[in-house]
Every structure is written in C-alpha cells, then in structure tokens.
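First subunit A sits with subunit B, and in the next complex the same chain sits with subunit C.
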Partner chain A sequence: MRDRGLVLALLIPGLLAMLATFILPMAWLLRASFSTSTMVQVGFTLDHYRAALVDPFYWKVALNTLTLGLTVAGVAVVLAYPIALFLARTTSRWRGVLTALAVAPLLTSAVVRTYGWMVILGDRGVINGTLQSLSIIETPLRLSNNSFGATVALVEILMPYAILAMLAGFGRLSVQLEEAAAMLGANPLRVFWRIVLPLSLPGVLTGALLVFVLAISSFVTPRLMGGGRVFVLGTEVFSEATVTLNWSLAAALSVMLLVLFSSVIVIYQRALRRLEA
Partner chain B sequence: MKAIRNLCLMLLYLFLLAPIIVVFIVSFDTRQYLAFPPESWSFGSYAKVFANDAFIAAFGRSVVIGLVVGLIAVAIGMLLSMALVRYKFRGRDTIGFLVLAPFLVPSIVLAVGLMLVLSPMGLLDTYAGIMLAHLGITVPYTVRTITMSLMAVDRRIEEAAMVHGASPFTVFRRITLPLVSPGLIAGGVIAFLISFDEATISLFIVSIRTSTLPTEIYRYLEYSTDPQIAALSVVLILISVAVVVLVERLIGLRKAI
Partner chain C sequence: MTERHVSVENLVKTYPGAAKPSVDDVSFSLPRGEMLALLGPSGCGKTTILRMIAGLVEPTSGSIRLNGREVSGIPVYKRNMGMVFQAYALFPHMTVAENIAFGLEMRGIAKADRAAKVARALDLVKLSGLGDRRITQLSGGQQQRCAIARSLVIEPELLLLDEPLSNLDAKLRDEMRDEIREIQGRTGVTAIFVTHDQDEALSMADRLAVMSAGRLEQIGTPRQIFDRPETEFVASFIGAGNFLNGRVTAAGEAAVDGFGALRFVGDAAVGQDVRLMVRPHRLVMGGAANSFTGTVEHIVYRGQILTMTVRAGETRLQADLHTHAGALPEKGQTVTLGVAPEDVTFIGRAA
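Let's turn to the complex of A and B:
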C-alpha cells in the first residue's frame, strides 16, 4: 500500500509533463482541425480538410513532400550505406574517431548546417565561386533557391541518422559467414549480393524510414534552401501557423502529415516482417 | 581495390562534413557579403558577432532555457525511470509507451499542437512556454538514458545496504543515485544540447521576447547570409564539441550513452 503511494508520487510529475506537452497538444491539434474559427477552437466543420483536399495547390504540396521524402531517403541511404558498412566491419584503431566524425554533424543545429549549404550552393558560393574564378562558367548555376538545393542539404543533414540506424541494425552481419561463402568459391560481388546485402537489409530499411519521416516533417531546410520556392507540407504548416494565422488549416495539414507518416510506418512494419520471415 | 574504397569513403566523409568545413573557412572572410573563395582573412566577423546585442541576448536566453530544461528533464526522468524500472503497477506498459511516444510524432506536428495549447494560456513567447515545449521533447531522451543506467545497477548492493540498516531514502541517496549519476549527466547533457539546438518547435512558440539563438539565426538567414552567421556557427559548433569532450573526460561517453 505504501508502495502504491510512492509509485504515484514518482509518476505524477512525469504524467503532468506528458499531459501538458504531448497528450493535450495532440488532442487540441485534432480539435482545431475541425474548428469553424481560424484561431479559436469552436464548433465543428470539415471545411479545412475539404479546402485542403479540393485545392490543387495542396495536392501539389503533398506530392512535393512525398517526392522530397523519397528522394532524400533514397539518396541518403545509398550514401550512408558504405560508411555504415565500413564502420560496422572495420577493426582499425581509427574506428572510434571515424564513428564520432560520422555522427558529429548531429551536434550542430540544422539551421547552422543549412547555412553551410547556402554557402556551398549559393550563387556566389563555394561551387559557383570556384567555377567562375576558373572561368569554367559565366553565369552561376542554379543550385540553391530550388528543390535541388533543399534535397542536397536534407540528404547531408539526415545522413548521420541513417548511419546510426544502420549501425544498430547491422547486428546480424558476420565476417565468418562471408569467409565461408568466399571459401566455397563465391566471388566478392556474389558474397555481397547474397550474404551481406540481405543480412543488412533490415538496418537499411530502418535508416530509410527514419530519414523519410524526418524529411517529410522538415521545414527549416526546405524553406531556407528553397528560398520560398519550395512548397512542402512543413513549409505550408509553418506559414499557415505564423504568417496567414489560419491555425485550423495548419492543424488540418498537420493531421494529414500525420496520416501520411503513419501509413509509411505501417508499410515499413509489413516490409520488415516479410524480410525477417 | 582498397585504394578505391578508401577514396570513396573519404569523399563521403567530405560530403558529410562539407557544411561545417565551409562555414569555418567563410567565418574568416573579411567581406560584408557571402562569397567564395575568401579574399583576405581576419577575425572581423567574430568581433561583429560578439558586438551584436541581439545574438548575445539570444545566446544568454538559450543557455538559461537549456540549463533549466536539462535539470527538470533529468529530475522528471529520474522519477519516471525509478517507477518504471523498480515497481510493477497497472498501466506500466502504457506509461512506458507514452513516455517514448513523442519520438513517433514529427516535431512540426507537435509544434502546432503545443502552439495551440500554449496560446490560450498566454504562454506563447514566454520562458515558461518555451521551457514546457522543450521539456516535452527532452524527457523521452532522459527517461531512456536513465532507465538504461538504472537497469544496469546491481540490486544486491542496494539490498546489502538495506540489510545493514539503511533506510530506503538513504539507500537511494548513498547507493542508487551515485551509481546512476553517469546516466543522469548524460541525459542532462543530451537534453541541454537538444534544447540549445532546437529550431522547429521554438519557431512556433517564440517570437521576439524569448527568441532563442537558433530562431534568431533562422530569422537572420531569411534576409541575409553574410559571414557573421558563419562566425556565430563556428562558436556554436565549438560549444557543442566542448560539452561533449567535457562529458567524455568526466564519465566516458560510451558509458554515458
């Protein structure tokens, strides 16, 4: 009986924090998306969802978001895979340092790293500046203020997550198995294709999912790198919430983002189950 | 074959670290506008950052918010972890899931929800509001690190102290707390760094009065990309590295995470 009081005392601060910072906000979000007013939660209407679903602009935004998410996830996974595979298998004494370097970018704010990409891809940035001073090009290449810039920056910003997810998911890789296959006459390509890749696929899938969900919910990078020309769900939610001040539409778009997000998680779990069966 | 592999890896690492390297180089450029390569080098941008009252004030606010959020997140995390690891009670699994649930929601969605809840309470653009918002995204991390170090504690040591007449509170204070302190420090540091670097949620909650450093940088970048931001970025990167190195020296990062 004394234990019960103690447990309750231990739980109450945490439960209150969860209520205020998670449960209530999610409930309010749902409520606001049906509100008849733009800033206060009153009445019931489906207008915001209807507006979002009827307007071709939002269909384009949803499509942009999906394209951005899939491209970023695909490229980030392809680029992160060699690093993760190397870090998982190497016995080099530099392993610790190299692992730290691979995830070190996570320690810097996404805003700072987005700025780094503005410096690299900008009209007078690293690439254009260098090419111009070498007289290879005259007018700067359009590398930023468009979806290309947003994609490149997001790939780099989210790659460390992919590397971490893959490293955690590469537990089933075994050097002995690869050696056995090689001894039985498989060439390195075949060993990779038949042994390494299938065993690392769960890790790859988790990495892809993580990058995808972070990419579709991002807005700082698409907004700064897109220069106001890249429209994804994240940027639209932000501008409805802080510029247009149509909070109910922002809430409805958030709910739609959440639906997109959950359906991807369901697909991921199906895929993982099939992989592991 | 091995040379090609190493070259590929080097290129990938270069891509991964490119923004940080470039920011470092540009921060020493003397020009007022963003351009590359730098013509001449100086610490001018750094001097300007340290003379920029808006940045200094925002930096101070970010540190204060980060420290308070870190402390409260560790305290709440410790209590929750004690309950979840040491006691069996109805609804334990539900609470264990709920604690980690914010991991499963995109932060921009949570940001809109938090904005909607904080607004009628008059907490938008206040310290209480932004701290509450940051608490929501940091408690899952502190619970995770503290739970793990709590599970690693050998119960027999606590039982031995109990047998020798220590009260439960003394056992907690003299045995359990020192044993999980690496987890507490690690959780606190992670919470601080997350709060310190967070931009997405902050941009929905704060505007002028309590703008944090990342939101201040974001607003600045919407209009200008001059080297001042590069200098400021280098300072921020160095702070993060210093914090991590300090933790590594104090308790060992591997043990902490």
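Let's turn to the complex of A and C:
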C-alpha cells in the first residue's frame, strides 16, 4: 500500500532522532550498569545492582526519594488546585494575563529560584533574620540544609507545572454542569463535591504525576537546599558519576530510578482509566 | 381571569458596562400547565429572561413570581425548577440513571423511592432499560430525553428549556418536538422554552412571546401572532409578508397604490396613513374581494408552490400559489389576484 509506505517515510526522521537521543543513550546506560569496570563498558556483572540493593544506605535513599516526591506532589497539588480551578473557571478578561503570571516562574531557572529560597530560609535569611531582630526567637529555626528546605523549594519550583497540567486536565469541567447541578437542588458545597471534584480528578492526577516525577528526578534543588544532608536518588547518581567516578553504580541507580518512574506511571494510567471509564 | 402560576413584571437586566439593557421592561404571565415560547433572533434577551427565572442571572430590577410568591431572593438550588440546557449538560461521570437520580438525591429521597421514580422517568421518555448506560454511549436524541427526564423527575414547579432542539438533526427535531409537547401535556407541567425557530415556537407552544432587542414585541397564541401581528417586527420575523402603505378612506378600507380600495381588519381612523400586511400564500388567483391586476415580473417554480413577484402600479407583491398540473401563470403575463379582507392585517400607522 502506498499510504503505509508514506506513513513509514514520515516516521523515519522522528524515529532516527529518538534512536540517537533516547534509545542509544538508554542502551548505553543499561550496558554501563552491568559493566565490570567503573568507567568503560566491559564484561558482565550484577555487582552494582547487588551493591545498591544490599546497602541499607541506598534503601534509605530510595525511601527518602519516594517520601520527598510524594510530599512535594501532595503539597504542590493542594496549593495549585484552587489556582488552576480559578483560572479554568474565570471569565475575566485578565484570564490570559493571570495564567501567564501563574506560570511565569518557569521563565527563571530552577537554580536561580533555589538560591532565592536559600536567601529566604537560610540561618541568616529573611525569615530567621526578621524573627531574631524582633526577638521572637534566639537561635535560628532550621529551615534549610534539611529536607524541609528542599521540600519548600521544590513545591514552589514545581507548582507552575502542576497548574499547567491541571488546566490541561480540566477539559470535562464546565460552568453549565455546575448550573445543571444547582438547578437540580445541589448547594455550592455539594456542587463541588459531586461535580467539580470528580470531573477535575484526571487533571489533579496528571498534575500530581508530573510533579512527582520531576521531584524524584531533581538533584540541584535537593543538593543545594539540603546542604549535603538530603540524600535522594538524583543527588546520589550525580555524586557517584562526578565525585566517586563510579559510572557503573550511577548507571545502576539510574536504572532503578527508571523502574520506580515506570511503575508510578503504570499505576497512574490504571487509575486514570478507572476515573474516565 | 385565569390563575397566574408564573408572572414576570417589569423585568430589566443591564449587564455591567453595557450601554443598553439586554432585557428591557418585560412583563408576562402564564397560567398553570401552559407552554410558552420565548421567540426572537439571537441576542434579543430571551435566554437572559430564562436564566433570570431560573436564578442563574440576577435581574437588575423587576419581579418574578411563582404562585404569587417573589422568587428573587431564593437561590437557584432552592427554586425547584427543572432546566433542559441547550447542550443538555448531563454529568459525564455518572450513568443515565445516576444523572436522573441526582436531583432526587439532593432532596434526600430514600434510595428505594429514588429507583422507582427513576424507572418511571425513564419510561416517560422511552429510555427504559438504558439506565446503566454511560452518557457517552447515548445518541443525541437519547441524551435529550435523558436531560428531560432528569429535569422532570424532581416534579418541578416550572420546566425551562433553552433551545431544546437546536442540537438535533432535522428528522429527530420533528420527532422530539412532538414528544416534548406530549410529555409536557401528560405531566401538566408549566413550561417556558427559548427558541429562535418560528416553526418550533408555532407548533409547540400554547402562546408565543416574540422579543426583539430586549423588548417584548407581542405575546399571543400562534394564530394571533401569525395572523394578527401587532408590530412590523413580529410580522416580518414570523413568516413572510408583503407590507403596503395606504390611507384609510372608510372604516376597514384603505386606498393602496395599485389596488384601489383594499379592505382590511383592524381599527384605524379615516384619513390615517396605515401600514398593512398580506402573507404571500394568502393571495389567490382570480378575483374575490380585494382583487387587483398586475404584471408577473419574476417567477420561480418550486414544486409545491409557485413564487411570483407581481407588479401593480408602483407596488410589488410576492405571491406564493399552490401549483397544479394545469396551466400556470408565466413571466410577463397579466394576472388578477385577490385576498380575503381578514387576511389583510393592519400593522400600525405608516412611518
């Protein structure tokens, strides 16, 4: 069939690009994780996986990563939901401007924003400085160099993604459905619980997934805000690869992170299908 | 005087920033069990009136009464009115039965009673057996039926329908038109529906309220609106019309260019300049009362009818005649047409 040939021909450039930028590096990563050398890819060994799985430190790191991801996703979704709902429902002519404002933080790099949070949450930062000068506290509160600081910064940095994802997922919401429910005798609270919330759940789930994935793969923010005291898979892969120069262990950890991602995505898709069935 | 079930008095809605009111001093009332059509071109304020009655739009001034009680302060969810939305607004995350049961659930009706009422409502709209379907599995007509069942199962004081047939294809529209009328008759619910389609309004409603630019032009039965339009807008919006200028020479008789004396129905003083209207299909071949002779300027054979433009003096008239297999008028021919005096309507003073 000529059509099929044309389809294949049109697919080739995209497939080649995917092959070069995604599939080959992934294959290389997989190969490196089984290498007997730490730098070059030779032989075959399961040592790196064994090392990662036997060492309680990496279990703790995996648990930290999961906790950080879930916390950040949960908080970001709760904070972003009212904003996204407002943006989706407003008929104001400022809607475009407001949407742009909500996602404007994406225009600055995450590194810059992390430094901003260091200034705000640091021991001599804006909050501690103010509280100390007002003599409300004597010793600075531990707001940064710990997982609290990392969580706060990640929530703020990732919130615009949550807002965007939710807006995209709110397609089934409509003012008319809310009006229909009200006409049938539902007060505003019941309209929210029975109509708005169920119909916005796919968007909420998409937002949560996106933030979760971005949070567990982040390493700059946890590293800077954690002050070297927050260990997550992202920071560990980075330090194994650049400090310890153990590329094979870094590759094994990356593969494990990938497995974590994939299982979350599978669970997410199952849940979404049930929601939209 | 009949009981006023619903009455709207001096209703005004001016949206913030708008120069002119969208609804301008509209008053009408309905007896129990009546079906009223709000008819007018888009933007005439008909939907705004419906939404004000529903409580979805706050009136600027005026009053809306149900059983003599003012409803303005009552929130939407306590008004007990049913509404069928143009796009149906069925809840996509619920089944057909769950959609219909929603209003009953909000009223705290026990589950067993709910099921019985839902079954009866499904039966009323001929959707029995489809209660477990998802909304997306229904056809357009079935969705329409589901929306009607949902708004009737709560036994509303008043049923409101916003362009109920506009989302259906032509064949289904005729079917649903009869069916809505039948369901309304069977349940006896007082109903107001909004439409821009004159056929729909004429065939479904007990009375029509014709609107233009926020104002109520005329309210009356289909026959009153069609045969005795009181304004030029009503006469031209509903059906086609030939508008004639004349001067009243005697009671019920006016001198019109090309006709000579034309007898009409309506009160107009002798010597007054008047505007008269004749429907094209009410003109007949041959001389009756009100006969006149003219030249056929233009003619179109359309199967069932023959549309021709006849010029008499300086007056041009459109005449729609029923066709038959025999000889028909031809272009350039001189024809004599007539019209019964009761088919000549006095619209008002000539401008």
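Note that in this section the second predicted complex is superposed on the first by the 257 of 277 C-alpha atoms of A that agree within 3 Å, B and C clash if a C-alpha of one lies under 4 Å from a C-alpha of the other, contacts with A are read in each partner's own complex, and residues count from 1 in each chain.
Here is the rule we use: contacts are C-beta pairs under 8 Å (C-beta built on N, C-alpha and C of every residue); 3 or more make two chains touch, one makes a residue touch a chain.
Because the structure is a prediction, the values reported are computed rather than measured.
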| item | value |
| --- | --- |
| Simultaneous placement of subunit C and subunit B on subunit A, clash or fit | fit |
| Contacts of A:Gln176 with subunit B and subunit C, given as first, second, both or neither | second |
| First (subunit B), second (subunit C), both or neither touched by A:Ile120 | first |
| First (subunit B), second (subunit C), both or neither touched by A:Leu70 | neither |
| First (subunit B), second (subunit C), both or neither touched by A:Leu199 | second |
| Which of subunit B and subunit C A:Ser217 touches, first, second, both or neither | first |
| Contacts of A:Leu131 with subunit B and subunit C, given as first, second, both or neither | neither |
| Partner with the higher number of touched subunit A residues, subunit C or subunit B | B |
| Partner chain in contact with A:Leu29 - subunit B first, subunit C second, else both or neither | first |
| CA minimum distance (subunit B, subunit C), superposed complexes, angstrom | 16 |
| Set intersection of subunit A contacts, subunit C complex versus subunit B complex | none |
| Of all residues in subunit C, those that touch subunit A in their complex | 54, 56, 75-83, 85, 87, 89-93, 102-103, 106-107, 134, 150-151, 154 |
| Subunit A residues touching subunit B - in the complex, by the definition given at the top | 3-4, 6-7, 9-11, 13-15, 17-18, 20-26, 28-29, 32, 39, 41, 79, 82-83, 86, 98, 101-102, 104-105, 107-120, 122, 124-126, 129-130, 133, 153, 156, 159-160, 213-214, 216-220, 224, 234, 237-238, 241-242, 247, 250-251, 254-255, 257-258, 261, 265 |
| Subunit A-facing residues of subunit B, complex | 5, 8-9, 12-13, 15-20, 22-23, 26, 33-37, 75-77, 79-80, 82-83, 87, 89, 95, 98-99, 101-102, 104-110, 112-117, 119, 132-133, 135-137, 139, 143, 193, 196-200, 203-204, 214, 217-218, 221-222, 225, 229-230, 233, 236-237, 240-241, 244 |
| Of all residues in subunit A, those that touch subunit C in their complex | 172, 174, 176-177, 179-188, 190, 194-195, 198-199, 277 |
